[in-house]
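Look at the two complexes coming up: chain A is in both, with chain B in one and chain C in the other.
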Partner chain A sequence: MNASDITAMSPFVAAILVAAGVILVDLAWPGRRTAALLVTFAGLAIVAALTVAVGQAGTTAFNGSYRVDSLTTFLDLLFISISALTAAFAPDYLGERKLPVAEFNAVLLFAMSGAMLIAGSADLIVLFLGLELMVLPGYLLAGFHKTDGFSTEGAIKYFLLGSFSSAIFLFGIAFVFGMTGSTRIDAVSSNLAQVVAGTAPFSPALGLGLAFLMTGVAFKIAAVPFHYWTPDAYQGSPTPVTGYLSVGPKVGAFAVIIRLFAGALLPMAAQWNIMIMVLAALTMTLGNLVALTQDNVKRMLAYSSIAHTGYMLVGFAAFAAGQIQGLEGLLYYGAAYAFMNLGAFAVIAALQRRTGVSSNLATFAGLVKREPALAWLMTLFLLSLTGIPPTAGFFGKFYVILAAVQAGQTNQWMNVLAVLTVLNAAAAAFYYLRVVVYMFMRDPDAEVSVAAHGRLVWTGLTVTTVMTIVLGFFPGLLLDMVSTAAKAIG
Partner chain B sequence: MLSALNLISQNLNAYLVLSGILFSIGAFGFLARRNAISMLMSIELMLNAVNLAFIAFGAFLYSSNARHAAEASVIALIVMAAAAAEATVGLAIVIAIYRNRKTPLVDEYDAMRQ
Partner chain C sequence: MPYDTLIPLIPLLPILGFAFTSLFGRRLQLRYGRWASELVPVGVVIAAWVVAMIVVVPALQHQAPFGDSGLDVKAWTWIPAGGLQVDMGFHVDALTACLLIVVTTIGMLVHVYSIGYMAHDRATWRFFAYLNLFMVSMLVLVLANNWLLVFAGWELVGLSSYSLIGFWYERRSAALAAKKAFIVNRVGDVGFALGIMAIFLNTGTLNIQDSLAKLVSQGASNTIPLTVVALLVFCGAMGKSAQFPLHVWLPDAMEGPTPVSALIHAATMVNAGVYLVARANPLFASAQDAMIVVAAIGIFTAFMAASIAFTQTDIKRVLAFSTLSQLGYMFAALGVGAFSAAIFHLMSHGFFKGLLFLDSGSVIHAVHDEQDMNRMGGLWRKIPITHGTMLIATIAISGIPPLAGFFSKDEILGEAFKNGFAWVWAIGVLVAIMTAFYMWRLMGKTFYGESHVDPSVAPKVHESAWQMTLPLVLLAIPSVFLGMAVGLPLGNGLLVQWLAPVFKGAEEILARPAAAETLLGLPTDTVLITISVVAAVAGLVVGIGLFGPRRVRQETIDRISSANGVMRFAYRLSLNKWWFDELNDLLFIRIGGRVAAFLWWFDRTIVDGTVNGVGTVVRDAGTGLRQIQTGRVQNYALGIAIGLILMAGSLLLIVGQPR
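Moving on, here comes the complex of A and B:
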């Protein structure tokens, strides 16, 4: 270990220090949420500045187990934005329910540091540690409302299935280590290249390892048929947490996929891409079909997040079929999805500011008369989730489908996948627009009082709105960053 | 002294099969048990099976390469630490839900199924 190692890893170290700092500040001034929030946002700004300062270098640290490249920088900045927005949306909701803000922010920052470790991992064990560091605080956040039956129920389902899949994932790593002799991603990759070339033997144990890795990762991204934990975990969690869980760990798990499959296992792409394609087709179709029947908006968005996983997998399948644009599409989609989905959940959280307000469709009836600003914002986010131009969501889907069509020139099944994606996007419009119909055309059953929303919530909503619109009008702004990030791996 | 050592298998596959059996027992326990604590124990069993696989690979395949053999042992230690952290979080969640529901049986946690 030397100074350059520390420099390369400084954003990650800073994130941990900020999380610890929030705890210490809360210890010194208990219950003062202004102090905790100040440390959180100042700390996140420092972490972001460090990420930018260290980034783009393309260096490895700690004997090749940690890697800083433009992909790391892109993902780190995305994780920091997600955490900052979640920290902005949560205090109103938490305060009303007498839940501690400082602990929430500390746990959130630890989860973020885990995601950052994933983004920079060049070693399978570091990847596993990052994954654990990301999901363990996630379980805590899901059960953050510990006196609430739904919250703890969601947390235990999330925890049990999450740990189960971690064990499966780790078993896969064990076999890959045993068969290739290293946990370093580039060493595994070159060893697998020999196996594919026929100069090294393919053993059944290696196949077993690959299957286990695929299963473990499919659980983490909630791909069908490994998605059973998602609806309950998302519906039960406190609403700001649901927003975080549907984007943070999801993008984090895609970072695992990129580092693992696009890094270590790329030589065997022809072998595993068929599995990715099947997962993508099942995931988006089933996610959308079940979302159509949901009356609870949180549960509906949970199924819709499963469908979005499917779309992102289409981009990854296109990458595995040889199109770098697929990876670009996946990254663009991840960023667009993060902002629009966090925005949608922020609106739900704002409506649920008063305790006892459910997330059922009925809550949204006549919203435009009560809170026109929230109703219009929700409409924007839902249109973006549907993929209507000119919103961020449109270009996300556009790039993914474009890459799939390009990949279709060499692999005809990619064409089928592209068509299926378009059909799914059309079907999804039904359930998104149903909420809009409720907001604009239905009258509420009972008189509902209007709650005031804090400045932080409005700031956060402004950021998500601006990003959703700007990424829809000027996709080039992000596209440059995305394509440099994709080049780091491809 | 030698007779005791001879009882230890010198065959990598024996350890991998044992690891696979332990992992399967853990997975079966996780899927078949209804008690949250039992499910947690099953997951621990799976993680220990993984550790056995790591150690076996390190000891047999890479015993000639001191760095790889040491790497396997260090990985096992890291996995133990991660498993401990996971168990801590898991038990905390189990206690929280037990206070709400007064039962550790997971199939009674069905409030969200309409």
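Moving on, here comes the complex of A and C:
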């Protein structure tokens, strides 16, 4: 270990330190949420600055087990934004329920550091460590409302199944290590290339390894048929946590997929891509079908997040079929989805600030009369989730579908997938716009009192709104970042 | 001058005005009163006018950095997607500059006028927000440097026009008219959209200048023949510019507030089609068959609309049909290859027709929202400014020298004749007679003769407020002088010189032989001018004879309207607007309705049956899936395990032997 190793990992280290710092501040001044929030946001700013500074260097650390490239930088910045927005949306909701803000932020920051470790991993063991560091705090967050039965139940289910899938994933790593003799991503990759070329021996255990790894990540991104935990965990969690869970660990798990499948296992893309395509088709179709029948907006968004996983998988399938634009589309989609989905959940959380308000459609009836600003913002986010131009969501879908169509020139099935994506996007309009209809055209059953919303919530909503609109008008801004990031792999 | 920043500023200003007014207008109006909500939207349009003028002057004179080919300004890349690059980019050349003059000047005056006209309305902030939105749309349309952005402006224009026609949405007729305008426009838009796709297929670019150059150079080797492309683009133009058979929406659009009629349905939006064809002039010049279609439809619309204007009694409807007729002239000009004449007429018509509409608004205002000319008359003493300016506009539209209409109309007719389209010229002269006549009929019924104004209203008739009369006076100035300023010498005036580089492409392709110098032993120009002046005067004289100002020959008028035989048919043809609404009703409501009813039946029983069948299956599947979602962790884990086994099985099969 030397100084340059520390420099390369400094954003990750800083994230851990900030998390610890939040706990310490809470120890020194118990229950002072202003102090905790101050440390959180200042810390996040420092981490972001470090990420940008280190990202320009482009180095490996710890004997090549950690790697900083433009993809790492892009993903790290995305994770930091997600965490910052979650930290902005949560305090109102938590405070009303007497839940500790400082602990929440600390746990959130630990989860973020895990995701950052994934983004920079160049070794399968580091990758696994990052994954666990990211999801373990996730279980805590899901069960954060300790006195609420649903929250605890969802968390325990999430934890049990998550551990199960982590074990499966670890098994997969063991198989791959056994067959290739290394856990370094580039070593695995070159070894597999020899296997594919026929210059190295092949064992069916490699197929098993692929299956275990794919099952593991499919669970983490909540792809069908490994999605069972999502509705229960999402509905039980406190709403700001649901927003976070539907975005943070999902993008993190996609980072795992990119590092693992696009990095280590790329030589066998022709073999595993069929499974990705099947997963993509199943995931978006089932996610949308079930979302159509939901009357609870939170649960509806949970299923719709499954559908969005499917769209992102389409982008990844296009990449695996040889189109670098597929990866660009996936990254763009991830960023766009993060902002619009966090925004939508923030609106629900704001409405649920008062305890006892359900997230049923009825809560949204006549919202435009009560809280016009929230209603309009929710409309924007829902339109973006539907993929209506000029919003961020439109370009996310556009790039993913474009890449799929381009990949379709060599692989006929990609065309089918592209058409299926378009059909799914159209079907999704129904359940998203239903909420809009409720907000603008229905009258509430009973008189509902209006809650005030904190400044942090408005700031966060402003950021998500601006990003949703800006990425719809100036997609070039993000596209440049995304294509440099994608080049780090391709 | 930093034109790169000035040009994007022109549409940006009204965007800001629109955003501000829609967000805060209501609150401002409630708290501080009407003026507070009107300050910003009117202010931004005046500012946009100033900026536009700074840009227009050098652009018209081809000064650097505009030059002959115009200046391209790219704000940012809008859609970066591999091979398809669409910029948020603007192109300003002399043609754009001409449109900018019309749009911003009339737009500004209409905004000012509206302050007075809408003073009795409740939600003026909404009206001004829509007006600003319209300005944005129209400016984007004329400034855009690529087809996609033109189309965005095109659709936005349609949307804002819809909102403004239906501004008094409580009135059923207004809501219906808005819907009609929107739907009829949509028909043309489909053609335009297909045209854009055809252009992209042929050339692989959406940039207007590049694609036109490519289309022309590829000639017959284009994937989609140029005639088809040109006709598709013309479809869009027909919709927006209300040419036969898509003209039916414009008269109904008069349900909107009168400033809207002046701005959108006389001076700007309806010109979009003319602009589009002029902009695509190399394309049309390379597709001669399409040009003939344009000329034929144009001149037919001119004649038909003029004939309908004879018998309408609603003052705004007469003007609406007159607009149709004049737009027909412009398309006839485009069709015969007289592009600069068309733009010349677009500009002069924009001013005098805008003025006529604002005048009619002032009249309607004066007689307390009465639009039927049979209930007016003898008003000229009571509203002298309105009367004076309207008289000027009437003389201008009739084509009496030296007012603006004479120059532009004469140029169209002369070019048509000289380019070998004698039939267009002949019908054009006939329409000129008709125009002068029906315009005088309007003047006579409104201002002269006995008063038929409602006795309870008559004593209260008074001239409008200064916000309304000032724009009238300001618009009268170009109506008088525009022709003399840019139309002399005839056939080679300033405007022709300005626009020459824009239409050079088309001129080169058309490469017409010089027309005969003499006709009937006299210089051709002299003969043609004499004929058109005589035609205009003839129409006017008949009009004055029948409708005043000295005396009204009511018996003669009555005799004509109650005549038998051919006269009776002609009268009824005109009165019933050639039965186009009835024809559409028959075609689309009755016959189309039958077809739709059948389709509905088919949809309900066959399609829905299938879909519902699928739905039932899906729901059952959903119920089945819900069985899986038991809430028991053991079941979930089992599901994951089964998934893993399936995954492992298939991967083992697929991977098999990778060699």
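Operating definition for what follows: the second predicted complex is superposed on the first by the 489 of 490 C-alpha atoms of A that agree within 3 Å, B and C clash if a C-alpha of one lies under 4 Å from a C-alpha of the other, contacts with A are read in each partner's own complex, and residues count from 1 in each chain.
In the analysis below, a contact is a pair of C-beta atoms (placed from the backbone, for glycine too) under 8 Å apart; a residue touches a chain by one contact, two chains touch by 3 or more.
Every value quoted in this text rests on a predicted model; they were computed, and no experiment measured them.
Within the superposed three-chain model, A:D186 lies out of touch with both chain B and chain C [touch as defined at top]. Within the superposed three-chain model, A:F398 lies in touch with chain C and out of touch with chain B [touch as defined at top]. Judged by the touch definition given at the top, the superposed model places A:E132 against chain B, while chain C stays out of reach. Applying the stated contact rule after C-alpha superposition, one finds that A:G149 touches chain B and leaves chain C untouched. Contact with both chain B and chain C is seen for A:K157 once the two complexes are overlaid on the shared chain.
By the document's definition of touching, neither partner reaches A:D5: not chain B, not chain C.
Of the two partner chains, chain C is the only one touched by A:V195; chain B is not. In the superposed pair of complexes, A:M275 makes contact with chain C only, with no contact to chain B.
Of the two partner chains, chain C is the only one touched by A:L206; chain B is not.
In the superposition on chain A, the residues of chain A touched by chain B in one structure and by chain C in the other are 156-157, 160, 164, 168, 231-232.
The touching residues of chain A, when paired with chain B in their complex, are 125, 128-129, 132, 136, 139-140, 143, 146-150, 152-157, 159-160, 163-164, 166-168, 170-171, 174-175, 177-178, 181-183, 205, 231-232, 235-236, 299.
By the touch criterion given at the top, residues 16, 23, 26-27, 30, 36, 39-40, 43, 46-47, 49-50, 53-54, 56-57, 61-62, 65, 68, 71-72, 75, 78-79, 82, 85-86, 89-90, 92-94, 96-97, 99-101, 106, 109, 111-112 of chain B touch chain A in their complex. Those residues of chain A that touch chain C in the shared complex are 156-157, 160-161, 164-165, 168, 195-196, 198, 202, 204, 206-208, 210-212, 214-215, 218-219, 225-226, 228-229, 231-232, 268, 271-272, 274-275, 286, 289-290, 293, 325, 395, 398-399, 402, 406, 473-476, 479.
Those residues of chain C that touch chain A in the shared complex are 76-82, 618-619, 622, 625, 628-629, 631, 633, 635-637, 639-640, 642-644, 647-648, 650-652, 654-659.
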